[in-house]
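Structures given as structure tokens follow.
Two complexes are shown next, each including subunit A; its partner changes from subunit B in the first to subunit C in the second.
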Partner chain A sequence: MRGRLPALGSIAAVAVLIAVLPFTLSSYNVSLVAQVGIFFVAVLGLNILTGYSGQISIGHGAFMAIGGYTSAVMSRDHHTNLIVTMLMAFAICFVLGLLVGLPALRLSGAYLALATFALAISVPQLPLQWSTFLGGTGGVQSHTTVSDRWIYGAAWSCSAILFLLAWLILRGRVGRAFRAVRDSEIAATASGIELSLYKTLAFGISAAYAGVAGVLFVMATNGFAQPTEFGIILSLQILIGAAVAGLGSLWGILAGAAFVGLLPQVSTSVPVIGSDHGRDVVFGLMVVLVMLALPDGFAGLLARLRALVRA
Partner chain B sequence: MALLTLDQARLRFGGIVALDDVSLAVEEGSIAGLIGPNGAGKTTAFNAITRLYRLDSGDVIFDGRSLRHTRPSRVVRLGIARTFQNLELFPRLTVLENVLVGAHVSSRFRRERDVRRDALETLAAVGCAEHANRPAAGLPFGTLKRVELARALAAKPRVLLLDEPAGGLNHEEVDELAGLIRHLRDERELTILLVEHHMRLVMQLCDHVHVLDFGKTIASGIPAHVQRDPAVIEAYLGGELAA
Partner chain C sequence: MAVNRKKLGALLCALAVGIAVASTAAASHSGTPGVTKKQIVIGGTFPYTGGASLYKTIPTAEQAYFAYVNAKGGVNGRTIKDITKDDAYNPAQTVPAVQQLVEQDHVFAIVGSLGTAPGLATWGYLNQNKVPQVLLATGDAYWGNCVHHACDGSTKPWTTGWQPDYPGEAKLYAKYILKTKPSAKIGVLYQNDAYGKNYLTGLKTGLGSNKGQIVDAEPYNFGDSAQVVGAHVGALEAHGADTVVIFATPTASIQALATLAILHWSPLTILNNVSANRLFMLAAAQNGASLNGVVSTTYIQSQTATPSTKGMKLAKKIIDSVGSASLSQDFAAGDNNLVYGLAVGYTFVDALKHAGQNPTRASFMKALRNLDETKNPFIYPGMSVQTSKKRTFPMEQLILEKWAGGGTGDWGTFGKIASGLK
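Up next, the complex of A and B:
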């Protein structure tokens, strides 16, 4: 128990900070930090899949789109409460994640990356196909819109609940099975771990997380779900966030989420190139630099610091 | 009564006959040895028993039940655990976590604290308790061999398949390992089948020895007899066994 005190202490400190921030920040900055909370959920979910079970996905933006559209359509057609739509998005994306996980069983590495990439490309096309139901290029407007503070509270509440859930899942038998599958499929099988069960389960859980992030994402764009918002860049941002956070650990998620949530906004004000693409250049450079300096992400840095303190 | 039987097992890989009509039986509570020159089919036999390979014909029978339609992940649940010749550990998990994964099938609905305590005891039984919280990657080969043994034991199996447990050990360590294996057999009521090149270990430990060469059985019997069998000596080119 004593070994857990520093971890619990830092979680408490971060929680207090996040709870206090909206009372001191401007409305614009509140929405920025809310954005970090949205990425927190998505990055956390992808880390369960890629970091723990060892399956890469460049397609999690697709699950965010499905979650976001679920919420917008339910709100538009049935005036469903937004919190309820989150639960629906969680459930729907969980099931769809399991289904996507089935063909993924036969793929790994670059092939899995490509297959999920295809998912990221094709899912945002669906609203154009079924434009009467999903609004086409014009998108779907939710019946209810909420304030920045509301989104901030929702995003960070979801982050806290889903972090706790991830911790509970990953700390024991199931989490070890995920990591065993990642490290050696043969030894995992010989230990009685059914690969297909745990690999699809990881896909389901991580897609469910992305679905919830998608609902929050749509709320943050004034309740407006639009195909262009869920492009490939979003999927890449989640993956970059997970890499910066550190794959296979929960302790760097906040840093990874802040990196992809804040950096594109902050780097807009860096006057390097003075064009619209200056932002992308700064973001790209920072990704390269961070990955060079922290190959195991932020969580790896924390682990090294802790080892230093103990030594 | 044989607890584990390989019955007329045949397995080809392309043009190579890896197992050619191999039948062997392991008596409950015994320690049996599976020996033969490199490439004789010993590890293939293990992979067939644990269903990583599917036999072309023949069967694996465990406790009176055919494993022909058993999924590989079910084998350990039925009671057959194994180690690997060249180690198949989880490098990024700690030594203790490796053993905890081994307990995957024996730890359902048990409290994490109890499962951990058992895993630590198992590690202590093979003499690796002091490494519990180190990552598996980076430890010496001999230590990792023992960690793998602990991982297999954590499944609480009835049959233990050990693939070259004495790999990389010196004479003294081999004697110590023989003592450990016999102790584990007695204490945990195990039935053991081991593949081994160290004749010293095989002769000390085994109640029965089965010799393979090019996928075929060339001898089977008690160690003293097998050791003097001309076909066996021929297969080893008068090497280790004659010495």
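Up next, the complex of A and C:
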């Protein structure tokens, strides 16, 4: 128990900080920190897949799109409560994630990455094909829109619940199986772990997380779902977030989410030679720098600090 | 445990500092946001990066016009500061950018922002907060429903467009076809979205009982390859069309015009205004398109066809004063978006002048709803920018134009100014 105390202490401190922030920040800053919460959910989900079960995905933006559109369409057509649409997005994306996990059984490494990349490219095209139902490029406007503080509360409540869920899943038998599959499929099979079950399960859970993040993402865009929002960049952002956080650990996720959630906004008007809008340049450079300095992400940094304190 | 207490202490300190910083940031402002004795701050979002970044010369021209006005003393003693942000044409980026402009930069109004989807994603927020969202760079029917429907007190009183609406423009093409080629077999290439469909609907309305003359309408998707766009053009020929109407965005329109040449097919070709920038026409010519006889419309002056008008001389002076060689070059080659930006800048300044000595957001909107601009030097001579209770689209007039002179040629206008577009 003694070993857990620092961890519990820091979680409690972060929780208190997050609970207090909305009462002190301006509405715009609340929306920024809410954005971090949204990425927290998505990055957490991808980390379960990539960090723990060893399967890479460059297509999680697609699941966010499915979640976001589910919510926007249900709200538009049936005025469904947004919390209910979150649960729906979770369930739908879980099932779709399992299905996507099936072909993933035969693919690994770069091939799996390319397959998921195809997903990220193709899903945002669907609203153009079914434009009557999904609004085409005109987008879908949810019936209900919510305040920044509402989104903030929802995003961080989801973060807390899903973090706890991830911790519960990963600390026990399932988590051990995921890690065994990641480290050596042959050894895992020899130990009686059914590869297909655990690999698809990891995809399902991870996609469900992305679905919830998608609902929050659309709410934060004033309830407006539109194909451009879910471009390939979004999928890359989630992957970058997971890498910055540190794969295979839950402790760096806050930093990873803050990195992808805040940096593009904060650097939006940084002047870079030849352009007044150097956001993408700054973002790219920061990714390179962080990965050079912290090859294991922030989780690796935390682990090193912990070792230092113990020594 | 000692370590934990230290950690906790450090965290609490950080928390306290964070709160202190945040509270100062949230300090409230009094009076009309963005307006001081010496300055008025406005903002806008534009695609400086990404697939729609061809349009980024528009805000540059607007800012150049404001610099010109500022050098002459500004408006009622106030200089105009225009803060623009990149949204890459992505609504998910427009929302935080607009929120930042309103809540952190405390802008007076959002002026000239580009794109239908970015506009739709933010008009709820802006209207709720009573922030003017005006002179938007999109011709979708959304931005001036009052033009075509009963004006029953729109639910978005803080939003206006600027340019003529797309369905109205398409109606004008229908009229032209019926007059010059009554038995035309019409093939339409349109972008498969609200933008393209808006145009197609307008064309059908304009053709009325003759809409059966549309023998084929081919939808392409934004971002389709040249091969795909080319195949759609081939399909129009296969359906026996002798008149081709292109409702596209620039990349696809260039591909379509080039395909016509590859097919050695020269139907009567009509091109929507958005794609008819001379720069894009020259690009099409470089890809082999023979442009002579292509018909389109315009509502602003051409710096290449009529360079010696007072307005175009002023335009050249303002654009050159930015001091960017590539910008001046684009202007000389006929980038009409620059003139567009200047014209929108003029309308903003005009409305601001009429909003009173100490403008409020409400007085500014009132001025915008009662525009009577006959002297905008950048729009087509004889046209005017006008708004009233019955009319919320500031620009509503168009004139037909035809291309002559091939790969080094230009547009020449013909016929009468069409107004009303009803």
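The rule is short, and it goes like this: the second predicted complex is superposed on the first by the 306 of 311 C-alpha atoms of A that agree within 3 Å, B and C clash if a C-alpha of one lies under 4 Å from a C-alpha of the other, contacts with A are read in each partner's own complex, and residues count from 1 in each chain.
Following the convention adopted for this analysis, a contact is a pair of C-beta atoms (placed from the backbone, for glycine too) under 8 Å apart; a residue touches a chain by one contact, two chains touch by 3 or more.
Since the structure is predicted, the reported quantities are computational estimates derived from the model, not experimental observations.
Asks: Since both structures carry subunit A, what do subunit B and subunit C do when superposed there: clash or fit?
Replies: In the superposition, subunit B and subunit C stay clear of each other.
Asks: In the overlay, answer first, second, both or neither for which of subunit B and subunit C A:Ser27 touches.
Replies: Second partner only.
Asks: See if subunit A has more residues touched by subunit B or by subunit C, and give me that chain.
Replies: Comparing subunit B with subunit C, the partner touching more subunit A residues is C.
Asks: After the superposition, what is the least C-alpha distance between subunit B and subunit C in whole angstrom?
Replies: Minimum over all C-alpha pairs of subunit B and subunit C: 22 Å.
Asks: Under the stated contact criterion, what part of subunit A meets subunit B in this complex?
Replies: Subunit A reaches subunit B through residues 171-173, 176-177, 179-180, 182-184, 186-195, 248.
Asks: Which bits of subunit B are touching subunit A when the two form their complex?
Replies: 50, 52, 71-77, 81-82, 84, 88-93, 97, 100-102, 104-105, 107-108, 112, 115, 151, 155
Asks: Which bits of subunit C are touching subunit A when the two form their complex?
Replies: Residues 1, 3-4, 7-8, 11-12, 15, 18-19, 22-23, 25-26, 48-49, 83, 85-86, 89-93, 95-97, 99-100, 102-104, 116-117, 120-122, 124-125, 192-195, 197, 221-222.
Asks: What residues on subunit A touch subunit C, complex-wise?
Replies: Residues 5-6, 9-10, 13, 16-17, 20-21, 24-29, 31-32, 35, 125, 128, 131, 136-139, 141, 145, 217, 220-224, 226, 228-229, 231, 234, 264-265, 268-269, 275-277, 279-280, 309.
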